[in-house]
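First chain A sits with chain B, and in the next complex the same chain sits with chain C.
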Partner chain A sequence: MKLNRREALAGAAALAASLGASGAYAADEIVVGAVFPMSGSTAQTGVDARNAIETALAIVNAKTDLDLPLAKDAGLTGLGGNKIKVVYADHQGDPQKGRAEAERLITQDKVTAIIGCYHSSVSATVSQTCERYAVPFMCADSSSPSLNKRGLKFFFRASAHDEMFSAAMFDLMDMLRKQGQKIETLALFHEDTIFGTDSANVQTKLAAARGYKIVADVKYRANSPSLTSEVQQLKSGNADVLMPSSYTTDGILLVRTMAELGYKPKAIIAQAAGFSEKALYDAVGDHLEGAITRGSFSLDLATKRPMVGKVNDLFKKTAGKDLNDNTSREFTAMITLADAINRAASTDGEKIRAALAATDISGDKTIMPWKRIKFDETGQNNDCDPVLLQYVGKKFVTIFPESGAIAKPLWPMKG
Partner chain B sequence: MTAEAVIQSLASGLLMGLIYGLVAAGLALIFGLMDVVNFAHGEFLMTSMYAAFGLYLAFALDPLASAPFVAAAMFVFGAVVYLGLVRFAMSASANAGMVQIFATFGLAITMRGLAQLLFTPDYRSIPHSWLGGKTLKVAGIFLPAPQLAGALVSLAAFGALWLVINKTDFGRALEATREDAGAVALVGIDKKRIFALGWGLGGALVGLAGAVLATFFYIYPDVGASFALIAYVTVALGGFGSVFGAFAAGILVGVVEAGTAFILPASLKYLGIYALYLLVVVLRPRGLFGSL
Partner chain C sequence: MAGSSHDSARRNNLILAICVAAAVACLPLVVKDVYIQNMLVLTLMYAALSQSWNILSGYCGQISLGHALYFGLGAYATLLLFTKFGVLPWFGMIAGGVIAAAVAAAVGYPCFRLKGHYFVIATIVIAEAGLLLMLNWDWAGAAMGIEVPVRGDSWAKFQFARSKLPYFYFALGLALVAWIVTWKIEDSRWGYWWRAVKDNAEAAESLGVVVFRSKMAAAAVSAFLTAVGGGFYAQFVSYIDPESVMSFQFSLLMALPAVLGGIGTLWGPAVGAAILIPITEVTRSYAGGTGKGFDLIVYGLLVMGIALGRPEGIVGAPLRARKRAKAA
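Let's look at the complex of A and B:
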């Protein structure tokens, strides 16, 4: 029944989309497609992504005094001042719907590039479709490390993947160990699509290499009505560090169920996703004092780079919340893509691809704590050092790497 | 794995199972009464949860205190849905079954869309309630207070439902209409009125379930989907047409879910439920307690 219902919803959405998509855009508009979950269980992320992308467009399409690529001029100077317009499509967290939507955007709306898709599983199918049509795919916020290893020419990802993120987590644990903390055992808790599975695989490998023992490895079904049995397994493992890879819904239920079953982990180091979302901390933040999550972004940076605060204010005006790990990456991906289209001075897929491959934006021209944006031959940016953030006193502070740290890690967490 | 872990699993399964039963009760009632599957059942649940959340925001009313109000509002809503939509779908001259499916299905999509439009897709939850975060610990077994309260509400609701169906004129009229909707007219029972009240009662039950869930579950426009699927399985398992079959099947689903997660990897925990469901469909197609 669920299948029928979902499929009928998709049908309705496709119908609505085909009615709406007349393909009639102004001649001076450069059309980019954005494929995100605009409905379904992660719709909130999609809506936030849209706000992030629109914030980027406002900066690209108008004259501002921000120190970002394309901010100083109105529109794309390389294309006679033309403006970028983004058309949004909804994948509902379903890889097959993502593929169909990408195909529609490319063939009907004639988009010059596609940006997306939050869920790694959807980015996998969408990027494959883009490859087939020679349309560049800018992976904004999917972190599965397998995505850039499929030999795709049109795949680009400015932000880090879960191998890099997880390595930072283990670097932190190694550092704490050296300082005398007892960290021996880990518990993995991950959802059952590409994101959770790949993240757990990487963490398992790193644990073996660095001498940590995994005492519980719980793979769970996303959006379950109950996580009681799962939490019990975590509890009986009672590891030194709990490492969840979860989307928002499951993250909220996880923390709540842990509290109900009297399980207080000594520390939590999360693979972001749900754990960067305000909704999760609004719901269960009381239990998360001292929880650590990986991130690509930190508002701390605003103290060193005022532009970060200005961009955050712009975003907050429409979205009603601060930039986070996800929205900052979506914003940066859009700026990076716009910069490449501008340099390509063309809407041709091959030319934009070449321009993307030649991208070299220094870190201080972004809102991220990165060294630079420069893609390797697999389309991955390797100069985007992840940060680890700790939730202390109702906000996030950067605790790792030490170079960018605002505070020392609080260990164990208070919960 | 210790004996304690086994008992904890069973206890958690039992509590969740009673709540699943409560969620499915309204669906079973309506289906039993008039052979209409309400495909918007999950959205009824979602609406109830938002109602409980709204009352919390507006009057700082705890979901357990607001449950009667939510149930009353959902009673009206259920009856209105029957009078304003299902009634017409049922009188379709051709293929009434399909028309009903599309009507409730369309209602589901509309409700979900409206919820996203009005409430945004943000995840809401009630951070502090009377029972939120409280846990009863009995001999090393944790019984979360919100679920415990939910289970008690479920027991009370099914008890009351039993009384209504077996001891009141309305209940007898309900049963009679279920058995032969044509013949009851001869003894002066207004079929439409009974149907409307049936939908109202179904709505009230799901309203209770929604208020109970709001104490410990997150709320967003799609939240119904997670529970609706289990509710459909519960109704089919318990036997179409049997409200108390839904009660027993709800418990069974909860316990089997917990048990499967205990033996198999947690990502496969629905395997047990669906295997059981298939088994029942093959061996006893009318469901465990089905009378049809």
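Let's look at the complex of A and C:
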């Protein structure tokens, strides 16, 4: 038995060493780690993230005519034209695994920075690990507002957090109110993990501050097999606006159940997630004419900024779908990070951190509808206003903010 | 019952355990890579957890698929006491263990009247209820979880920024303690009672075994050790949320090494963990990044292989063969 255990350990160590050695990189490559869910129920998100990051790399590492940072030259000019390579790791949605993978990427693959992680809970442990090793962490797509408030020096997030997302929804409602729409009561419908809880907490606060009454606050178990009683509650509340925070499968079930029980909400303003996924509209889009969701990204921008359309085409070639809320953020995070590494002209964590802190990319040099990318002392970008999109005629149109809107909101919804 | 060959076999086992522990303790002299050290910590932790699970489910025969509850209780007690009241994690882990043992007794009181599959189902349901409670308990962080602010290395607070060695030795100590507890119990009156209960509760009772109290004691010991493991895990990861410490998956992960190595055997959990954990970690790390699920296929094949080839577990099969040979 002693042999058994020793053999197993020795074997594992040998395997790890041999596999680790295969991860050796060309001397002129700059290695960045990406930690995403690559297996399990959110695996598709990780696969999409990989495509988004590879699209960004294709632009950074080759010469293109796109008006993005680093696009015009091959590789990083600050580092003698060296190219960036990204190694991917799977965290399966588990904070412990994310932490272990981050540590492996830092110590074995010697990554210069890490990008990730979709799940806010995993971003929490991965960013802490990065802090311990003085390696910058670029938070691509986790939106928990608490993440940047933990006093971490190496944490950076270019995109909005949930407080900013929900504020935009209430800004829209305020605007419609001013235009004479009657919006008084809200119904919150949210799942019970960190995403839904966070979202509902912020929305409850905003509703109180801005004078809306919450007539139904329905929390449900994520991946529930049935939402009948929950929908009954929503139906009896019959609020002016239904605000769901749900992932894809729950979102589909919600809309199906509403249709079965004959509940037609007057308006839906969704906290993205499931409501920005193509799969949901493929399944139940018929009932969602006029549904509104917040987003970080809008393809409508392509009419004003043709570069956005070109990047989308590049992405579509590998991924087979358009850029969305998540993939646009992952793409932009990778470009922002590459830009900082280039300016740091070094692979040293402290120097890249300093370069990230000094980042100032104007909005028109990104694919996002943002003013600019500039981090505050907590590592959060505050100039990344989200957009609100409305599902009209089988596609999304931007309706808010007015500066980026291409149509007036359809209110109430037709669904 | 306690013949000299029996005694010497037990002594040999103890010596073997001490040798193995000593050998493992020397591993960090050779293994400097933090990733492999991390894997060793997890392996030892699962060996300890599975050993604890084995006490109730292997020796006493009360299959529990709800040990995530005790694991989570330990993790939460440790971090809540530390972040809310400044109680050092060392005491927090013990407190978590005591709470878990009390909960195990309270849960056991109604559930030990259930038999076989009904008991298993009850343990799953109760653990799920615990998960739901934690998801909705705002004071305990609800779905947001609790994070330990890491501020430099400290033995008092049991947190270390980069070094894995303190965690490694703690996990090794815990695995050894769990093993010795099992070893001690195996030859005690309780140990014989538990195995009698496992084989045939009615027959045992007719011979004067206090069946109900036996089960309660096994559950309390098992839950205590599991919760200490949970407290350790919380310190090790420094962040917990209900999904990451109390999900059903954890209950399975605690049972799997024992099932793989040999359920109800002294060495099964350790052998199972030493095989299972490195394989899952290495396949995920080096084959998981592709998004093709290769790591899960390997894992599935391994479990299938054991189920087909050695349903008694790796340690279980030869033991049984030897017994049969002796009987013949």
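Criterion: the second predicted complex is superposed on the first by the 392 of 415 C-alpha atoms of A that agree within 3 Å, B and C clash if a C-alpha of one lies under 4 Å from a C-alpha of the other, contacts with A are read in each partner's own complex, and residues count from 1 in each chain.
As a convention for this text, a residue touches a chain if its C-beta (ideal position, glycine included) is under 8 Å from a C-beta of that chain, and two chains touch if they have at least 3 such contacts.
These figures come from a predicted structure and were not determined experimentally.
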| item | value |
| --- | --- |
| Touching partner for A:Val135 - first (chain B), second (chain C), both, neither | neither |
| Partner chain(s) touched by A:Asp192 [first = chain B, second = chain C, both, neither] | both |
| Touched partner set for A:Ser39, first chain B, second chain C, both or neither | both |
| First, second, both or neither for A:Thr249, with chain B first and chain C second | first |
| Contacts of A:Ala160 with chain B and chain C, given as first, second, both or neither | neither |
| First, second, both or neither for A:Ser121, with chain B first and chain C second | second |
| Which superposed partner A:Val47 touches (first chain B, second chain C, both, neither) | both |
| Which of chain B and chain C A:Arg221 touches, first, second, both or neither | both |
| Partner chain in contact with A:Gly262 - chain B first, chain C second, else both or neither | first |
| Contacts on chain A seen with chain B and repeated with chain C across the two complexes | 1-2, 5, 8-9, 12, 39, 43, 46-47, 192, 219, 221 |
| Of chain B, residues touching chain A in the complex | 1, 5, 8-9, 12-13, 16, 20, 39, 105, 108-109, 112-113, 116, 120-125, 127, 133, 135, 137, 142, 144, 146-147, 216-218, 220-222, 225-230, 232, 257-258, 261-262, 265-270 |
| Of chain A, residues touching chain C in the complex | 1-2, 4-6, 8-9, 11-13, 15-16, 19-20, 38-39, 43, 46-47, 50, 87-90, 92-97, 99-101, 103-104, 107-108, 121, 124-125, 128, 131-133, 144, 146, 150-151, 192-194, 196-198, 219, 221 |
| Chain A - residues contacting chain B, complex | 1-2, 5, 8-9, 12, 39-41, 43-44, 46-47, 192, 218-221, 223-226, 228-230, 232-233, 236, 248-249, 252-253, 256-257, 259-262, 277, 279-280, 282-284, 286 |
| Chain C residues touching chain A - in the complex, by the definition given at the top | 16, 19-20, 23-24, 27, 31, 33-36, 38-40, 42-43, 132, 135-136, 142-145, 147, 149-150, 161-162, 233, 236-241, 243-244, 267, 270-271, 274-275, 278-279, 281-282, 284-286, 288-291, 293, 295-296, 314-315 |
